[in-house]
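Input: a single structure, listed below in structure tokens.
Lettered A, B, C, D and E in written order, each chain numbered from 1.
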Amino acid sequence: MSEQEAYEPRIIAFLCKWCSSAGSDLAGVSRIQYPANATPITVMCTGAISPMYILSAFNKGADGVLVSGCHLGDCHYMEGNYLARRKIHLVKELLEFIGVEPNRFRMSWVSAAEGAKYAQVIKDFVADLKPLGPQEKLSRTKPEAEHL
Amino acid sequence: MINLQDLRDTARDLLAKGEARAVIGFRRGSRGMAAEPAFITRPEEADELVWDPTCVHNLALYLVEDRKFLAHNRAAPGLPIAIVAKGCDARAIVVLMQEHYFKREDVYIIGVSCEGTGVVDERKLAVHLNGAVASNAVFDGDDYVFTTVQGEKRLAARDVMADRCLECREPFPREHNAVLGENKTGRELAAPFTALARFETLSATERWTYWERQFDRCIRCFACRSVCPMCFCDECVVDSITFPVTAQTTAEEKANRIRWIERSATRSENITYHMTRAMHLAGRCVDCGECERVCPVNIPLRLLNNKMEREARERFGYEPGASIGGASLVGSFRDEDPGSFIR
Amino acid sequence: MPDNIYLPELARVAYIKEEVGGERAIKTFRIEPVNGKTFEHECGQCAMLSLFGRGEMMISIASSPLIKEYKQFSIMRVGRVSTTFHELEVGDIVGIRGPYGNSFPVDDWRGKNLFFIGGGCGLAPIWPVITTAVAQRANFKNITVFYGGRSPRDIMYKTELEKLRGDVDVHLSVDKTEEGWSEFCGFVPANVMDKSPSSENAIAITCGPPIMIKYVIQNLRELGFADDQIYTTIENKMKCGIGKCGRCNVGKDYVCVKGPVFSWAELKELPEEY
Amino acid sequence: MEKILDKKRIDDWINALTGWEILTPALEDGVWAYRPVSGAIRLDHTNTAQPPKGLAFPQREVFFSFEQIKGEAPRLTQILPDAKQRAVFGVRPCDGRGTVRMDKVFSDHAADIYYQSRRKNIVYVGLACNQPPGANCFCLSVGGSPISSDGLDVLLTDLEDRYFVTAVTEAGKALIAAAGGLLAEPAANDRAQVEKVHAQAVAHPQRAIDKPNETPAKLKASFKSPLWEELARACIGCGICTFLCPTCHCFDINDEVTGSAPMRGSRVRTWDNCQFPDFTMHSSGHNPRENSGARLRQRVCHKFQYFFENFGMHQCTGCGRCITGCPVGIDIVSVVNKVVEHAG
Amino acid sequence: MTKKRTGVFVCHCGNNIAATVDVARVSQEMAGEENVVFSKDYVYMCSDPGQNSVIQAIKENRLDSVVVSCCSPTLHEKTFRDNASRAGISGFTCEIANIREQCSWVHKDKTQGTEKAIKISRSAVRRAGRNLSLEPIAVPVTRKVMVVGGGIAGIQAALDIANAGLEVILVEKQATLGGHMLQLSETFPTMDCSQCILSPKMVEVSRHPNINVMTYSEVQEVSGSVGNFKVKVLKKPTFVDPEKCKICDDCTKVCPVVVPNEYELNLTARRAIYIPFAQAIPASYTLDESACLGLNPIRCGKCKDVCEADAINYDMRPITLTEEVGAIVVATGFDLYGQENLGEYGYGKVEDVLDGLQFERLCSASGATGGHVLRPSDHKVPKDVVFIQCAGSRDPAQHCAYCSKICCMYTAKHASLYKHHVPDGRAYVFYIDIRSGGKGYEEFVQRTMEDDGAIYLRGRVSKLYRDKEKIKVMGTDTLTGQNVEIDADMVVLALAMQPSKGTADIAKVLKIGRDKDGFLAEAHPKLKPVESVTAGIFLAGTAQGPKDIPETVAQSGAAAAKVIALLSQPTLSHAPTVARVRSSHCTGCEMCVTACPYHAIRLENGKALVNEVLCEGCGSCTATCLRAAIEVKNATQMQVFEMIEACLA
């Protein structure tokens, strides 16, 4: 088995409780299989996801971070995902700006009815991450170059 | 062309007439040609004030310090505090007021227009003076004139001007009580975000190699944070977590401080620190460029903040420091915000 | 001095007692070396306790040097590390390094009257001196302990203090009295004035909140105590314990090296940065 | 031991030093910094932005790592820095004298093995300042000089086309020896020229502390002076002055957690700074040095009074970095002068 | 302060989890966690013995927090929180680790599955380790209800609620109650007269001591939350005092202004002052401000002059009333798919092409033609009438994707009504297929075909145009495959049902969601069909989706029952997981205030202050605050921080 196949990216998936987490539940109920790389962290709303969470996940060694919430207009809290969209956009731009591979950070809308989509999102994410190899740019777990 | 006497007279009158309890401005420093922040409370001190290309500091910071001082001593502001503010400084003051850090009536803004020029970048100047040391600097139209041991040296301002000034969107302090100098907004210097645009032509890998080198230099002196008027939090994500925020902070709170970022100047922590700062300044940074100026190891911090600022402008139609009222960038949204990146 | 001054020894928490409850609770911990042997210390010295993953804190050793099998610390819950310390259970392992700082010149005090004046958790730093003096009772003349807390509930070492009576004159006080409190009511300095001890052939050792120390010293001098008859200990933020990290620096001295014990004669020469 | 080295041959000398890591000043993104040598070496720096302090006393030093499995005793592993041999070229005399002061702190009493294991493997090849001094240099005021070899192992003096090489220590001699026949014996005119150059260097006008000898006493007398607060009014409490200082050694110790199942991490030392407001703050919230005035006083007095009282020397080498670097123009020379003058 | 004592319970869920997750290992790994003092796995945690073992373990081990690694929290979070409470600790200290839906059911590899299950459980343990023992917040309730919409849905709900002894405010936009049902002639399948069954209810409403009817009124603004809403209602002026008005009709006789009568679907005209129907409630005239010459005696004032009761008052002004209610029922009804949307079938362009409601009016005895079916253009009796079903429905390409559900039935009704009125006429019905689910529905359609002889043609109408007297209707009968061409006198379109115009606005005002078709969204399609996503706001009638009268009435009853159940409690309980301000960190920058979708935060002397009843705990404030000065209890940044750490440990 090639090196790339051997490497299993570690993904943190921030899911909103009402849509995406429910969506992933539906994927479960429908027994749709997808890779086990993503560990879900359920939050009340994507609007509650502070940019710190994302930076911190990378800092703690995540190879990829996913933020998933309700489609626009479906937010259980009406506006949370609109606020999130703006914040996440900025984080994404910033990460790419300093040269972090765009594929390491991803946002998606997955409704409670889109179990299949959730599975697909994870499949794609894992597939896109594998060629990139471990994330070492923001990760503190990486051995340190001495500071002069 | 600003007449220094007008500046001094304005300051003197404010103090003499008891309309301000102090004037924050610039005075001649002891270090070569450089000006330094001045805090004058007596009318006769007004003549210490100067206005020249070395008035680089964003004095808005000291309004924050003043607030903290008052809060610490549970004192009421009383008379307003007057401050000499360039275009960018005035924008910073507006953001602070937008965030209710102090009230409009607590500040008397003596605006100074940067007109045809901005302020000098000592690093650029050093190159032009190769070795010589300037003891004095004055504005002269679109030029700076420096006094060195070899005599006078006249340089086109734009050649030794700080990048932040070259790219300045508004050299005129829109928000002011009194203002000196003409409104030369829209002067023909470098377009805003020029450096940013240049940088963005690089590939992702090139960008990373660049930032890697920059962040590796950071020694975590936190000057970028200390000098920033927007970094007024009492507790910062990178502070030593053994430090109690206030005397009232409970043992519980101290024990439960989150250590987002270590104090070690390692790459991962440095990057996370600077990224966090950029995020926290998104929609608040007015590009006064102080962080970049003070950095002892010359990290181009403006690029990060500019990036956020341009996103805010172009994608969200948001302009920091434009109005005192109005929602914050991250506390609001528009239906037409970009969302194409979402799957 | 070990060759790596930053590397702590491991020690086991053998005994925990809650002295005082409430927001600023005080707990007493006995810790014994895991590998059987540990450093010796003198009265008044401190040790750096650590919880791995949380950090270190400098605490004065509250047990007498005569006790070798364990070291005792009375810790108030104020900061990050101390709060976590209060969560410990018997058997937990902590780190310890030391001893740091100078000590009370107990031997120079042979044949003298000793007055100990403590307030709040300020009893802990002078406790080793008291217990040592009592253990070597014959070496000293009268031993008197003044100690006070906000209320009866804030009195630490209650049972231990009771045990002292007989060997020692114990004068307790509380700022606010409560039902069933028979002893002095008022601040510690007042209690001292109330008993007005003689400065004759005497040494006064005081420790407690800065404000208390200030007035105690004032009163003692009124009672005729000379500057070199008065001893106290001061604390500053410390990180290294060996005069390098710069935190506890006061004037030319480092509290972790030249302190924490100072005679008033020495202390008043120092800049007021403690 | 004194030698002469043809400037063109300095690279050969460096190449001859096999097994050594060679650091030389390099201009990177507009900043002079010590970097592992690559290509032809440049020694035309006024001085580096940072002193070589970090080589023996890095911003981050790992003391030991720990791992704690629930119910078991924590496992501690001491981590000593790897002892690679380093030669640093182009160190200015002020920074050479900086290392002397660092040695005092970390080696005199309670030796610090982390500092020492790095320090003992570093050889400083100094370069005398015989070009006009930087705008904020004042080494002469603090007992130093542009040609001082204090704390250096080798001192180079630039004689236009060649270097006059003086070995100061045994380590220095060894370094020269390693070059074999590369370095020649100096001729009489070389010595004459060195003396001339040195004389000129010392004669260059510098900024000056007016009464260096009276300073400690005058500072002691000025502890309660209102001047401190006034002079520190603009201070923003950043770490530039101390982090760029060749002699500042204050540090913080923290536990860095890298994993939580089981809990593991390391205890690390990082630079800290007496100008940070929280530096001396007690857990109780009480802060012995509450305002920037007190903090400026601490920095100045520590350098010009306390250290002097303890070691008989100023803890300042006049490199002027804190002046050049200060974002708000706080200028230790004028601060000292003002306070001393004010003390009468 | 002591360490947390957490218990972990790992469920096998038979083989559902155990098949792909080594449950024993998960439980053993969790035992290694700092705060965990008890850890076990069991075959069915949610079974009675399972639940009891949780309660027992809590008591025996003095647990203060619980983590159950099992199925999705949506299924058993409540179960185990109740167990926790029964064991004497706060239910909010209990966390669910979803290792079934999010793990065992979606992975095959046991090693990977187990690893992931451990991560998920560990992060739940870390979170539980910092949970506060919270108890629900008790909220006093206002025992008063607002029903928005005075159609049959609103009327029914209002009556049911009022009869349960609660006060009701019934708000209707139009000048009369009744809604669309009042416009119908007969109702399928029983063919009883619509007005005859509706008007008694309208009267009952108007007379009911517990019901306050506000017609010609609109909801403008809603604040507050379940149990305590504050509603601003705008009452438009009718310029006629219903108390005085004798409905003598003198005023209309003198009114010089003539405008189309919307209540008659513009088949007839009315005056500027008018009464929508004879049976209108309130029984009073309304002066249409937009049509009137100017509410000014000098301009006109004829009506005022003739009114003997002196009921007319030109000085009436709009008034805004603020009502406090504990719950709201939204029954804003439907509109027909408007001609502005429907290009085909000459609707609104070709004369004598009518929509369903217009045809109802033609058949209605109270209608323009006095119950005679005459075509509008020339008042002749139409001999050939074409009925077109699914006009705008079931057409995802151009129009509504959904089926409007009632068209099959009312078209059958129309056809048979027509045949009763014009026995020698011919009724053609173009249909895609017939959906007649419902009691007696299929039989009704059969009767229409067989007894009344309506001609059903399966297929769509391809072309339709006016040809002098006639309307040429061309289409294909897909059953015979033949092209059909009919010279019709009249065409009736069974237009799609869509949410009434006001629905979008009311949804915005009430902050309740709408589905993709614009109908009000129910909280759960199956389990909460009459609840909106916002607590305390319920849905009834066609505003929620197309339905016929019996269904509407049933749903109204259901909504009423929910409201009654809700307000029968003395106090409501509100989740305690709400935002809390760390005022030592708050600088009063107001970012959270603007970010809060519930307007639950305000500044008070320079610091943010949370209204715990309004706060839904979404956490938008947390992510917006730069200083972590505001956090949601039991979902703090510290907890997320540690969960991230746990997942990457």
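Definition applied: contacts are C-beta pairs under 8 Å (C-beta built on N, C-alpha and C of every residue); 3 or more make two chains touch, one makes a residue touch a chain.
Predicted model, so just to flag it, every value in this text is computed and none were measured.
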Open item on the list: From the C-alpha centres, identify the chain that is farthest from chain C.
Closed with: E
Open item on the list: Contact counts by the stated rule: is the higher one at B-E or D-E?
Closed with: B-E
- [ ] Determine the chain that sits nearest the middle of the structure, using the mean of its CA atoms as its centre.
- [x] A
TODO: Indicate the whole-number Å distance between the mean C-alpha point of chain D and the mean C-alpha point of chain E.
DONE: 74
Task: For chain A paired with chain D, centre-to-centre distance based on mean C-alpha positions, whole Å - done: 46
Open item on the list: Could you work out how far the Cα centre of chain B sits from that of chain C, in whole Å?
Closed with: 49
Open item on the list: Please tell me the distance, in whole Å, between the geometric centres of chain A and chain E computed from their C-alpha atoms.
Closed with: 34
TODO: Would you mind listing the residues of chain C that make contact with two or more other chains?
DONE: 55, 77-80, 82-83
Open item on the list: If a residue has to touch 2 or more other chains to count, which residues of chain B qualify?
Closed with: 242, 244, 246, 248-249, 252, 254, 260, 262, 265-266, 330-332
Task: Junction residues of chain A - those touching two or more other chains - done: 51-52, 56, 79, 83, 87, 140, 144, 147
Open item on the list: Per the contact definition, I'd like the list of chain E residues that touch chain B in the complex.
Closed with: 1, 130, 582, 584-585, 587-595, 603, 606, 623-624, 626-628, 637-638, 641
Open item on the list: List the residues on chain C that touch chain D in their complex, please.
Closed with: 1, 3-8, 10, 34, 50, 52-57, 78-80, 82, 93, 95, 210, 235-237, 239-240, 242-247, 249-252, 257, 271-274
Open item on the list: Looking at the complex, which residues from chain B come into contact with chain C?
Closed with: 241-242, 244, 250-252, 254-255, 257
- [ ] Can you check the complex and tell me which residues of chain A touch chain E?
- [x] 10, 12, 21-22, 24-29, 31-36, 39-45, 47-53, 56-57, 60-62, 73-74, 76-80, 83-84, 87, 119
Task: Touching residues on chain A, where the partner in the complex is chain B - done: 51-52, 55-56, 58-59, 72, 79, 82-83, 85-102, 106-109, 121, 124, 137-140, 142, 144-145, 147
